[in-house]
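Multiple structures are listed underneath, in structure tokens.
First chain A sits with chain B, and in the next complex the same chain sits with chain C.
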Partner chain A sequence: MSANQEMAAKYKNSFLKEVEDQVEMGEWVKMCMQCGVCSGSCPTNFHPGWEHPPQEIFMMIRAGKREEVLTSPSMWMCTSCYNCIVRCPRKLPITHIMHGLANYAHRLGVAPKNQPTRAFSTLFWSNAIATGRVNELKLSMGLYFKDAEGKINIGEGIKKGLAMKDVALGLLKARRLNPFEIFGGHKCKDQKGIAAMLKKARELEDKRKALPQSGASR
Partner chain B sequence: MAKRQYAFYPGCSSQKGASASNYLTSVESMCKTLDIQLTEIPDWNCCGASIGYGEAGELPRHVMNARNFALAETNLPGQDIVATCAACWLGAKESKERIEHSSQLMADTQEALKEAGLQIKVMPEIRHMAEVLVEDFGFEELGRHVKNPLKGLKFAGYVGCQTNRPFGIAGENFENPMYLDKIVETMGGEAVPYDQKVTCCGGALAFSEPDKAQAQIKDIIEAAYDGGAEMIVTPCPLCQANVEIYQGHINKKYGTKFNIPVLYYSQLMTIAYGGSAKEAGLDGQVIRAPKLEAIAK
Partner chain C sequence: MAEEKKFAAYICKGCGLGERLDADKLAGIAQKEGKMQVVRQHDFLCNADGVAMIKNDVANEGVTHIMIAACSRRAKTEAFYFPNNAVARANLREGVIWIRPDTEEARETTQDMAEDYVRMGCAEVKAMTAPGGNVNTGSNRTLLVVGGGLTGMTAALEASKTGYPVVLVEKSGALGGWAARLWKRIPVHEPFKAPADTGVADMVAQIAADPNIKVYLNSTIAKTDGAPGRFVVQIATESGAVSTEDIGSIIQATGFELYDANKLPHLGYGKSPNVVDQAGLEALAKAANGGPILRPSDGKPVQSVAFVQCAGQRDASGEHLPYCSGYCCNTSIKQAMYFKDSNPAIDTTVIYTDLRTPGNGEDFYRSAQEKGVIFTKGKVATVAPNGGSCMVNFHDLILDDQNAQIEADLVVLATGQVPNSGVNIDMSAEEKADEAAAEAAAAEATASGAEPVQFSKKVSVLNLTYRQGPDIPQFKYGFTDSHFICFPYETRRTGIYTAGPVRRPMDMVQAREDATGAALKAIQALENAQLGRAAHPRSGDLSFPKVRLEGCTQCKRCTVECPFGAIDEDEKRFPLFNESRCRRCGTCMGACPVRVISFENYSVDTVGSQIKAVDIPDEFSEKPRILILACENDAYPALDMAAMKRNEYSAFVRVVPVRCLGSVNTIWITDALNAGYDGVMLMGCKHGEDYQCHFVKGSELGRYRLSKVGDTLKNMNLETDRVKDLEVAITDIDNLPRIINEYAQQIVDMGMSPFKGF
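This part shows the complex of A and B:
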């Protein structure tokens, strides 16, 4: 059974309970009073618009629309601007809930496949933890030469790279992009320690998530 | 001994040859004038930024920040951590808050840190450089060092998101924070009325969803021109890069003729404090700022 099927079976008809247990800050979802200030405050909601803006997602969770929520590209539209958080009259940590839902869908393997922000998040995190510090050159190369599934696509990469040529040249000229970063670049000294620390963190996180407790105690 | 000492967290983008390296150049110059000693946290690591959320999850994200806390506290005890990057500050502050709030998370964090031979004994304070300027110095003291006022120059103070929300600078309003305008004015410049002051630049979506982000960036730049600004100034490395480097693409897409320099507050301060264009990192602009270069000593 896949992780997704396992979780769906475990929580049967209560997607709200599942979100409360498994999603970062999920225990706040039931506090939403559907005022819509979050949706009206979201910058990407207008360019051209989320499939389901946050308050709609909250209602869908309560209505048990599990698959529609988890497979939606909506949460991946979050720019982490935190406007929804500071404006929410009930102080829901909406940004974190969106991140949490996206991360949960990603963990279950049901998030939309060709979602570019999903791919970029994975690319960014693996870039950052590889040496402890972000390698901006490799990050942008990865962005252009890998598709959303992480597969290398040279043709697409060259096309995208060419479209970005003027931006890259501008940065090179200003000495804000270093071509030699390709050979390594900035990094932490204790990479071994960082890797061991992250391995343990992942292990503990998996353990906590596999043993769902009531939302309030997390 | 320097007047004030901090454990410095420069962040990935401020490193040599990285996208905000000119930010660091100007911060160093500004701190020299203010007699601030920044000691880099030894072997600091990436904060995970906001965009790491999809892959990282909770604990891995928090332990990355916790490692920096432990390193700072061990090597530079008693010093506040100061970040210049908005995302580093936000990410670190968020992790600190979460870890302090939950004994389970604290225990898990310590267990993971042990793998790297580290431990948090005392949780350090996490501050943004803008906070240091406003709270530890105050506008009056910042103004005392001005030798070369930015007279007649008009700036749009683009605060953006992450130094403003969700934490913000104490006493400021989320919808209309004033600290950046006040810094501009303290340096002798003019802060123009600017209705996109706290609009998001798209953040990491500038990479993954460029059309969406560029639509937002267009609004941000347009409003700066509408307010009569000659330059935009910001406290955030990603805001700076996003608003500066895509102007060509936006012009092509929308038929605009944008060509407005985007600077850091620390570059303005360096020039106003009598520093040279080089000391202010003005040679690091993709869109050069000739009016600021012209008055530089």
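This part shows the complex of A and C:
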């Protein structure tokens, strides 16, 4: 049984309850009063990827539309501008809820596969935890040599690299880019310590998510 | 004293009047043309010295009639308060110098204007007598409260606390009304988070313990006769006994009925016992008495409940109630808490189109969300019985899902309030025919062996013996309001106030406030009646209509038109004035074709002589004269305020304030045109559905009457534009001068009236 099926079975038809228990800040969803100010404030409004504005996501959660919400790319579109949080008359932490939902969908493995935000976040995370430090050369190359489907594509990578060559040369001249980083690059001092810290953090996180989230903290 | 009249004119030179105007010349005019026996000038008339001068003349010179040429009659009313004298005011400040430019070329026309106002003031004061107050008063200080619900009980207790005896009449066998049928009420104190005790038992106990309050249960009002201060009310009890009470003023707090849910079969009412209205749920909650609320169909604890907001309300189709009752959102929230507070696992969904929770209801709403009540924005199409439960089919308005569904054990319909306002006395012939037809159809259906068809013919609440009908005139949708914005609780029957949901849809907090307000108004009314004074808006006015019956032609216009039902007809079919019911608007005076109705200080003569007193320059003077008859409630203050802003307007106009457009007698217009005025502007309040008239119907009746002026103009061979009817609001401070100037230009372009110099 996949993690997704497990959760679906656990909460039967109460998706709101599931969100309250499992999603970071999910306990706030019930407080939405459907005024729509968040949707009107969102800078990604009118973007084709913006399928459901936050107001609608909240309503869908209450209406039990589990699959539609979790597989939606909408919350991945959030730019973290915090406009919605600032304006929400009910003080919902909308940005955080969007990230919480995205993270939850990712954890269950149902988030849209090649959603660019998700792909980039995954790349960034594995890049950062490898050495405890982001290797920018590797990160950008990792991005360049992938096509829209997420497969490695050499031709595409060279094309993108050439298109950006002036920027790269500029960075080289300003000593902001070191080509030798390709061979591993410099690392954090205490590799083992970083790994242990991350392991502990993961442990705590998993433990917390296994428990229902604490009730709305008001 | 009335025999010995002595007229005095006082001309003020303060506020720049002395510099802008030739006061000596004004004094000369008052003396020669105005025939004032005493004429005095003063540098600062409204100061202690000036007022003392006038008082001295009254005391020692025998002055009875005072003409003050200073500021507007709306200014310095306390300084120039001479209750035992007839007082006229010539408005030289707001009416002349503040609306004219201070230039050399304007000096002559400005002086002309001031001289005319002095002439007008002198003419007016000569036609006046000091109002003596209504002598036909009653002095009963008992309040009658009709209806023993929350509103009625509050009104009775509040009035009793201020020391007035109260008679409380309740139709049913117990006090409490709807409030007594509730399990809990919406909270009225912070933190506004949970339903609270209704407090009805406490109020009933307070009333029972109050020796000032006399309660009639199982009783109705059989007859209400008289006027404020001297109502005689017959109270019929169920047993058949009739008691008579002498009453000073009345509060009608007859409340509401829920809109009949039987009219909503599409929402499942009547089809399943598990569909109830809000009262039905209160009954279930009361029966549960704190335990789990049981499903009516099988007595199992309810596991899921859906609330359908705006059921048969806010309906644009015309089939159901068009309005929002305002309290039902909070009530549904409260009722959802009945479930959530006892068992958080019960699914509660409120399906709404717009959640309206005014005031602290917002905290209550938030509290319900915290408790896990789900709010879904949607419009319910149907509710269908589905085995033991119900299927609610609705259009989800956020997700635009036409086929959204919720299954619930219990469905509650929020149906809204219908006022218990008695008979609609303004019902049109068509509506009466409809009602008769419905009654006949019901009788026929019953006769043909079908189940008895219920037909509820409206029953009168107050059974007034007034000529215009047995109940309070209704405003909209059967609610008995009178002037929506400015005067809550007022009705068009003086001394009778309505409070609570019979006035407009409202919740218990508002009803209590209403009851308290109405109690105070009712106390004012009976006190005023005792002193022979008018109630609002001419509060404290001592004048009252007098009729010269020997001239009356029994045309009935006054009895029909009086907006307040003050005039009945006696056995000989002459008008019978009930002065205490009168608001002094003068609509009767404007209506009377033989001009036999007048007030001591306001009559066909006081205005007519002002119109005639104006000096009309000849045809070649290039000085047209425009008469403005301005309503003293809105138009005249608007003109005053325009003056305060120094908004200038034409020097051709002469303004005469009138009590209401309804008091304008067409003779004034005919006289003005015959005297050579070039134009007449009528400034009254907005009429019709969203009227602004302080006397409700005055401006409408006045306008109807004046719509016939066109014929007069035609007969006189005058252009129809010579009379202009304007709807003026008190806010038209900047518009009004512009409109006046445009009209003055129009008159100049039209040319002078040919009636000058006759």
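By definition in this document, the second predicted complex is superposed on the first by the 193 of 218 C-alpha atoms of A that agree within 3 Å, B and C clash if a C-alpha of one lies under 4 Å from a C-alpha of the other, contacts with A are read in each partner's own complex, and residues count from 1 in each chain.
Here, contacts are C-beta pairs under 8 Å (C-beta built on N, C-alpha and C of every residue); 3 or more make two chains touch, one makes a residue touch a chain.
Computed from a predicted model, the values in this text were never measured in an experiment.
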Open item on the list: After the alignment on chain A, I want to confirm one thing: do chain B and chain C clash, or do they fit together?
Closed with: fit
TODO: Examine A:R62 and indicate which partner it touches, taking first as chain B and second as chain C; both and neither are also allowed.
DONE: second
Open item on the list: Going by the contact rule set out at the top, does A:K30 touch chain B (first), chain C (second), both, or neither?
Closed with: second
- [ ] Please indicate which partner A:A119 is in contact with in the superposed arrangement: first for chain B, second for chain C, both, or neither.
- [x] first
TODO: Using the touch definition from the top, say if A:K151 reaches chain B (first), chain C (second), both or neither.
DONE: neither
TODO: May I ask you to decide whether A:K173 touches chain B, chain C, both, or neither, giving the answer as first, second, both or neither?
DONE: first
TODO: Name the contact category of A:K165: first (chain B only), second (chain C only), both, or neither.
DONE: neither
- [ ] Please indicate which partner A:T79 is in contact with in the superposed arrangement: first for chain B, second for chain C, both, or neither.
- [x] first
Open item on the list: Once chain A of both complexes is superposed, is A:H47 in touch with chain B (first), chain C (second), both, or neither?
Closed with: first
TODO: Considering only C-alpha atoms, give the closest distance between chain B and chain C in the superposition, rounded to the nearest Å.
DONE: 20
Open item on the list: From the superposed pair, tell me which chain A residues show up as contacts to chain B and also as contacts to chain C.
Closed with: 218
Task: chain A to chain B touching residues, read off their complex - done: 24, 43-44, 47, 76-77, 79-83, 85-87, 95, 99-100, 102-103, 106-107, 111, 116-122, 124-126, 128-129, 132-134, 136, 140, 143, 166-167, 170-171, 173-178, 180-181, 185-186, 188-190, 193-194, 196-202, 204-205, 208, 218
Task: chain A residues touching chain C - in the complex, by the definition given at the top - done: 16, 30-31, 33-34, 55-56, 59-60, 62-63, 65, 90, 216, 218
Open item on the list: Under the definition above, what is the set of chain C residues touching chain A in their complex?
Closed with: 355, 365-366, 369-370, 372, 374-377, 396, 398-399, 401, 404
- [ ] Name, in rising order, each residue of chain B that touches chain A in their complex.
- [x] 12-13, 15-22, 43-46, 48-60, 62-64, 67, 102, 104, 108-109, 111-118, 161-162, 165-166, 168, 174, 198-200, 202-205, 207-209, 211-213, 215-216, 245-246, 248-249, 283-286
